[in-house]
Structure formats: structure tokens, C-alpha cells
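Just below is one structure, and these are the notes that go with it.
Note that the chains take the letters A, B, C and D in the order they are written out, and that residue 1 is the start of every chain.
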Amino acid sequence: MKKIINDPNQVVTEMLDGVVAAYPDQIKRIPDTTVVTKKDAPVQNKVGIVSGGGSGHEPAHAGYIGKGMLDAAVAGEVFTSPTPDQVFEAIKAVDGGSGVLLVIKNYSGDVMNFEMAAEMAEAEGIDVAQVIVKDDVAIEERDGRRGVAGTIFVHKIAGAKAEAGASLEEVKAAAEKVIANVRSMGVALTPCIMPASGKPGFELDDDEMEIGIGIHGEPGTERKPLGSADDIAAELMDHILADMELAESDDVAVMVNGMGATPEMELQLVNRKVQAILQEKGINTHKTFVGEYMTSLEMAGCSVTLLKLDADMKELLDSPTTAPAF
Amino acid sequence: MKKIINDPNQVVTEMLDGVVAAYPDQIKRIPDTTVVTKKDAPVQNKVGIVSGGGSGHEPAHAGYIGKGMLDAAVAGEVFTSPTPDQVFEAIKAVDGGSGVLLVIKNYSGDVMNFEMAAEMAEAEGIDVAQVIVKDDVAIEERDGRRGVAGTIFVHKIAGAKAEAGASLEEVKAAAEKVIANVRSMGVALTPCIMPASGKPGFELDDDEMEIGIGIHGEPGTERKPLGSADDIAAELMDHILADMELAESDDVAVMVNGMGATPEMELQLVNRKVQAILQEKGINTHKTFVGEYMTSLEMAGCSVTLLKLDADMKELLDSPTTAPAF
Amino acid sequence: MKFTADLAIDWMTKANQKIQDNKDYLSSLDQAIGDGDHGINMARGFDAVMNKLGNNDYEQVADVWKESAMTLMSKVGGASGPLFGTALLKMSMAVKGEAEVDDKTFVEALEDALAGIKQRGKAEEGEKTMIDVWAPVVEKMNEAQTVEAGVLRDTAESAMEATKDIVATKGRAAYLKERSKGHLDPGSVSSYYLFAALAETLEGEG
Amino acid sequence: MKFTADLAIDWMTKANQKIQDNKDYLSSLDQAIGDGDHGINMARGFDAVMNKLGNNDYEQVADVWKESAMTLMSKVGGASGPLFGTALLKMSMAVKGEAEVDDKTFVEALEDALAGIKQRGKAEEGEKTMIDVWAPVVEKMNEAQTVEAGVLRDTAESAMEATKDIVATKGRAAYLKERSKGHLDPGSVSSYYLFAALAETLEGEG
């Protein structure tokens, strides 16, 4: 395990210290928690947006805190969803009287822990709504799908909606619309190593890749010889497009997301092919994001995300945010 | 060599295609060159800023094209400085009548190729000035120092100055002021592999790191057992601070730059310690940048950059830019 | 049976021992069909439980279980944290106010725990989760209306082993579909440790 | 000596051959004390030169050298591109208008090339760069006022080998300071190939 860390059991709390030290004017930490919030939280009469999950996906989720995006992020241990008490702290910290939306990635642990926190908050009279992101088409059944990089689009669009003064119900509806229209799929070239165990999550031969990988190194759909950038992009796009209803002249947002160790040069090669495929189909790319948005520690690989946009979503996606990672 | 690429000899041109496809409203490519420019270049009566160098440092340099930053970036082959004819194309494309500043990283090859381009441009009556960035304190002699991540601050501040309508002389002076006040140093945990050769640039044992590494994998100052995040940050800061005159209450900008394969979690751990050291010395961090700004393909490691700021530089650093990577 | 607060603490102590001893094993099971953190999660949680229990006095079984439940809930995380937390919380509610818990009440408490797990996990028997250990154990105890160490251990052990043959439809292993077969469910193995620890506590008493 | 355009092409062809044959070797030399691309750079450049020369007719030596110079300049990049480009450009300027180049003019051309390299590289002899091959070769030719194959090859070869003992003060190897000792300078090795190729061309003629 070759990592720039101190104590493997302290990486989460130290990472949060680092984030707060990097953006002290924007982000603060609730003492004795693993919750970071906007400096000016709670914003009165604005719906608060809380997201979070296991750590190891940086810049998710703390990097998306900012005006027009998240109000708080809850960090669990590496790849382990945070506990209800922590999520509850986040909810309390960002409720400005208009209620709080929880953006949850679809993993049993995340769903349970966030739900329990929601129950605790409701017991204290805080209005809470939740949405569950399930964008990973590597899983066939829609309800079993994992939440991966598409989550960032949910943060952005729900965050913009909340910033515009919408009600909790409206913000939730905006988030649900993103969830209904976003699809992702990923590939890994090398595994990631959890600091606490020091062991790779899986093994891949020198000439192999794993298609359909999860962001915690969950096994994918197929293991096969490493393909070219064009082949990889085409394969991911095949799966994604097969699951979306996209017609000529439709608008999409594209995200080519690095898993942690893949250089941007390679992400741009994937993007090149993704855009070529879209162009060939007459689909219009409204906006493209190439970079590391939802990572898996030092995994090498990438994911492709498409979000089908309507006029409303375009406006919300394009509206400004101060979140450092967007 | 485990890379997401197509033909190893086509990575540069395909990467540029990817960048243009990602930001088609902002960036265009000059046909049959490896030059990308602002979509609206040349901007009349604004000093043009051209940078560039070998490829493999993405998002440098194309990602810094935008209003308030670069007007053009010239991409050489991987780790090989671009040729004079290409740089000349860039100069011609961005000259809006007020002259062009070349931001050159201090490598023999870069200096020679850019200088020859400058001569060609001057022969055609274009006003050209150049600055040479040498921020890497791993090299003792100031004039022999490499240009590394500090270059991004030169782009930003010179770009903002040009955007504000300053003359070529003034823009050059702003760039020189950054160069005089910026210091960097890096560390590598794993080597990078050039696509064309398929071979790692150097070898490191499983428990070793190389302090003072160059961004092309040039050997550093010391090879030793992998230290903790705190130790690494402290060592890089020691070298940097020993070379700067920083007094209590001075303002700095901080960049913790990933070399390509290092997850942001680790960069934040380094940042945490960097900020603690600054705080202890009473030095004020005006702004912090944590992420991948000047990479070395898939090298694992990071660099730390400090820029001492005065009021002018702060304003220029803080002014807006549309560059996708800043 | 007269299950006291001291026995409740003894149970948690023995459970902790097994979890810590098998931390790497549990993680390796989770690595095969999940994300490899189950041992780390459980070890962190039970370590915290031991810390809590060691620093306080408890009159009632319910207090021990409630404290353990809240600690697991706030320290384990992942899927197993809320589930083990809910189980112990439901048990503590079922025995509230009783200084000594008899067999009948203990069985009722286990039934409530199972119901809590199912509800929280939105899962049923046969989905390759810890429910596949809890359900048969509760069923056996319910039939006998007594909590007997040998039966407890044997039932939990064979149920745990039987999870090998199940195709997962809940939790992370569900992503693997058919490929999840042939692997033990990590949460079922830690549930087995819990019941085996309980059996030892009861035997030590008997 | 009557050095013609055909011989100039023959020289470039033989130089290309050596560069391509030793591409990996040159890169490995550069990997030791630089960034590992010297062979790749030179091979790419000379490949382009061959392409260019093969598709055109040339009357004068100067035209061959100028075309080669411009091609190297626009295809090699790095430090070596502008230097070899400058060298050949200076040579072409020195022999401009002459259909056949005699020894005296050839030597003058080499002198101009060396001056060009020094100026462009802001470097002198003894800094562990290609100058450490060019300078002794030019000096020897200048003394003799004739370009003799054997002398050319031997001088270039021993000069190339002598770069091993130099501590670099220019180019990427300078970062290594004392540690650059014991390694050949890659640009000096490719310069040696250039002169060895010239020697073969002259021998083929003689």
C-alpha cells in the first residue's frame, strides 16, 4: 500500500481537516462530527441539501458544498456509509425552516442510515425529504442500481433549485427528475486499496479490465482484455444508451469521471469518442465535465455519465455555484 | 503499461480533440497544428498569452485557456517541448495588435523552441515578450530550476493583467513578479510511463519515495523510505520556506498539486499539514488550490507551491476566469 | 433462565472477542462479494461498545442492550450498523423494566429484533443476509419457548453455513447475482458469532 | 571532396538508419539522466526527413540541408530539435549556391553549425551536451582543412565516449549534478551517429 497518509484509521477526520483548511471561508466542520457544512449554514428559508456517504470518493462529497449546491456533507469511514447520528447532525445544522433534502446513493447501508436519521429529524419536527440515486446501468434491475457519478448532477440541480427559493417538494421533484434521466457506467484498470485493511479490493491481471465496476470496487459485469480508449468508450456508451430514450436533437450533459488514478489525458481520449458517438446520433451535448468528480481512492479507470436535459434542467445546471469541486 | 489510449503515437492529437470536444464553446484548434486557442482569439487590443510545453501534464496547458487566463496553448509530444513552427502558429493566432507574452517553463528545449518562435514572430512584426518560470526549489541554482506547478499562477495572474487591458510590458512585469515570488517542490511514489516507449521513467521500491522529483520524472534530490503525509508535507515546506522570505502576516496562495494518480483524499492530508505549518508561522493563506493542475501522466505523488502575494497579485489571482481547469 | 445485566455484559464481551479475533476473516468474506469492510466495521463498533460498557454501571439488561445498540448504531456504519443496532434496540425495548429476563421474554425480544431487522433492511429470509441466521434461530427458540445454548449455537452455525448456497438479492452481494453463490454472507457469519457468544454466556451460567 | 546533393541525401539516409536502429538505446540513455525521449524524438524527426527528401528533387546541397533542418526543427521538439535543426540550417546557409561543396567550404559549414548550436543552446564545451562531440570534430577538421572519413569517425567516437566523465551543467542532466557522471550524453551519441554516417557516405564515395 503506497499512500500519502498518516494513521490509516485517521484518514477521514484528517481529510476533513484538510478540506476545511483549504476553503475556510466557505466550509466549516461541526465539532466532534464528520459533518462539514456551508460556513453560513443554516440559510433561513432555503431548503437545505445534505448528501454524503462513505469516504474515499473525494472530492465527493465535501467538495460540492457551496452556494447553489450542497449545504452539508456527511463523511463515513472509507467506503462505509455514515451513521444516523452524524446525518442527523447535518440535518439539524442546515435546516433553515424550509426543510431538508437528503441525497442518498442507492446502497443498503446508505439508505438505512439516512432513513434512520430522517426519522430522528422528523421526531424533532424537521421536514425531511429524501431521494435515492441509482444511475449505474451495470446493474440490470433499476431498483438495485448503485448510485455513482450521476449523483453530482443531482447535487447540482437540486442545489440550484433550492437556491432559487423552491419548496422542499419542488426541490425533491427536481432531484427526482435528474434521477429519472441520468445513467452511468464505469470501468476499472486497477483496484483500490482501503487504508484500514491495506489490501486491494480485487485483483486484475496486467492486461485485464473490469467493465461495470462499482465505486467501492464492487465486481462489475465482465472482466476482459484491456481495450482501446475508443472500445471502452463505445462499450460504456452502448450500455448507457440502451437504457435511455434519447432521440435526435435531444440535449445531454456528459460527465467523463476519473476513478482516482487515471490521468486527464486518458479521460479526454474517452471524451473524444463519447462525443463522436453522440454527434453521430445527432444528440446535442449541452455541457461536458471531464475530471475527477466521484472517485474510488486510487483506482485506475473511469466512468461515463449522460444526463438527458430539458430547458429547466439546463438552466439549473448552468446556474452558478461556489462549490470548490464543481 | 495499463492505459486507456488508442494508438500510443496519437495520444496528443486525440487528447486535443477530446479537449475541444469538451469545451467547444470556449476552445478551438488551429487545423493541422497542435495549437488550441480561445474560441474568440485574437482578442483585439488585448495582450495575448501563450503557454505550452510537452504533453502529459493535463489539464496543463489547454485547460487554462479562457477569459482572464491563456489565449492559446501549444502541445508538444508527451514530455517533449513543442516545435517553433507550432508556437509561431499560436502567436499569430492570438496577437490582437497589442503583442503576445510567452510563458515558458525553464527547460532547455522549451526555452529554445519558444525563443525561435519568438524570433519568427518578431520577423513578421509581432511584438513578443517572454518569461521563464523556474519555481522548483529541488534545484539549488535559481537559473537552473525547472518550471513546475507554479506556472499555473503565472498563467492566472498574467492572464488577469492582460484581461484588465495592461500593456505587454505591464503584463510581462506581472508575470515576472509571480516568478520572483513562487516556489514549488514535489515528491513521487510511483513513476510515470511514456505511451510511446511503454517504459517507466524510473524505478522505485514499494516502500520508497523520491523527493524533489521533476514533472517529467527527472530524478529528484533524495530517495528514501516513504514517509507519512505530515512528514512529506513538512519536508517539502522546509525546502520551500528556506528559499522564500516570508514574515509573519504575509499572505500566500497555496497549491497542493496531484501528480496524476494520487487521490484527492491524500492531497487534502498534505494540505492539512501545509496549512498547519503556515498557521504556526503566522503566515496568512489567502487562497488554496487542491487538485490536479500540473500532472505527470500517471505518476503518484504531489507537489506543494507557495506564492507570496501583495495586494495587486491578490486582486489578479481572485479575478474571474472561464478557464475550465482553474 | 435468569438473564441479568451482568450476563448481558458478558455476552457483549464474548461477542466482541469473536469479532476482534475474526476481523480479517470477516473483511475477507466481504471482499469476495461486497466491499471488504465488514470486519473493520464490526470491530470498530464492538470496540466502542466495550469502551462504553466498561465505563458505566448497569442495573438492567435493557440498559446494557440499549447502550450497545446506540453505540453500534453510531460507530459501525454501513449496512450492518443500523441492523445490529436496531436488533439490540428492539430487544432492549422488549425487556424494559425487568431486572432478570426469563426465557419467554428473551424469545420475545429475539422475535422483535428479527422483525426490526427485516423492516429496516426491507428484506426477507432467503436473500443472503443476516436474516438468514436470525430467522431460523428465532424460529427454533420460539418453538421451544426456551433459549438453550446448544440449540442456539447449532442452529446459528448451520444457518450461517447455508448462506453459501443462496443467491443474493439484497445488500452489495446482490450485484453479483448468480456469482454470489458459493460464498458465505459476512453479516450472517458475524450474526453467528453473536449467537455463539450468547451460547457461551449461557453455558458459563449453567 | 566534391560533396553533392546526392551525397547529402545519402548522408541523411545513413544517419536515419543509425537513429532508427538505436532508437531504444538513445531513449534508454536519456532515461538515465534525462526524460527518456531522445530516441523517440530523433527517430520521429529523421523519419520525417526521409519522407520529405524522398518526395522531392534537390539540385543543391544547401537545399537538402535546409529541408532537413526545417523538418527536424518542426518534428523533433525538445532540446535536440532546435539544435540539430540550427546546425543543418547554418550549414545550408554556408554552402548556399554551390552545386558541389569542397573540403574548405564543408569545414566552414561545420564551424557555422557549431557556432549556431552554442548560441542557441547558450552552452559551451564541457557541459555534457552534443557540443562536446561537435566541438572536437570541428576543431580536427579545421586543423586539417579537410573532411576525412576515418578522422571524422574516430574523433566523434572518442569525444562521444568522453562525455561519460563530464558533470552536466546544461540540459536535463544538469539536475543530477555529480550523479550525471558515468553516463553518456544522449545528444552526443546521436551526434556521433550523424558523423559516423557522414564518414560512411564519404567512404562510399572514395
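In this text, a residue touches a chain if its C-beta (ideal position, glycine included) is under 8 Å from a C-beta of that chain, and two chains touch if they have at least 3 such contacts.
Since the structure is predicted, the reported quantities are computational estimates derived from the model, not experimental observations.
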{"item": "Required minimum of steps from subunit A to subunit D, each step between chains that touch", "value": "2"}
{"item": "Rounded Å distance between subunit C and subunit D, as computed from the means of their C-alpha atoms", "value": "77"}
{"item": "Between subunit C and subunit A, distance of the C-alpha-averaged centres to the nearest whole Å", "value": "32"}
{"item": "Separation of subunit B from subunit C, taking each centre as the mean of its C-alpha atoms, in whole Å", "value": "55"}
{"item": "Where subunit B touches two or more other chains, by residue", "value": "none"}
{"item": "Residues within subunit D bordering two or more other chains", "value": "none"}
{"item": "Arrangement of touching chains [line / ring / star / complete / other]", "value": "line"}
{"item": "Chain pairs that touch, as defined at the top of this document", "value": "A-B, A-C, B-D"}
{"item": "Subunit B residues touching subunit D - in the complex, by the definition given at the top", "value": "54, 76-86, 107-109, 112-113, 115-116, 138-139, 144, 146, 194, 196-197, 199, 201-202, 214, 216-219"}
{"item": "Parts of subunit B lying in touch with subunit A, wherever the complex brings them together", "value": "2-6, 11, 14-15, 17-19, 21-23, 55-56, 58-59, 63, 189-190, 206-207, 226, 228-230, 232, 256, 260-272, 275-276, 285, 288, 290-292, 295, 297-298, 300-302"}
{"item": "Interfacial residue positions of subunit D with respect to subunit B in the complex", "value": "24, 27, 31, 34-37, 40-41, 44, 73-83, 120-121, 170-172, 174-176, 179"}
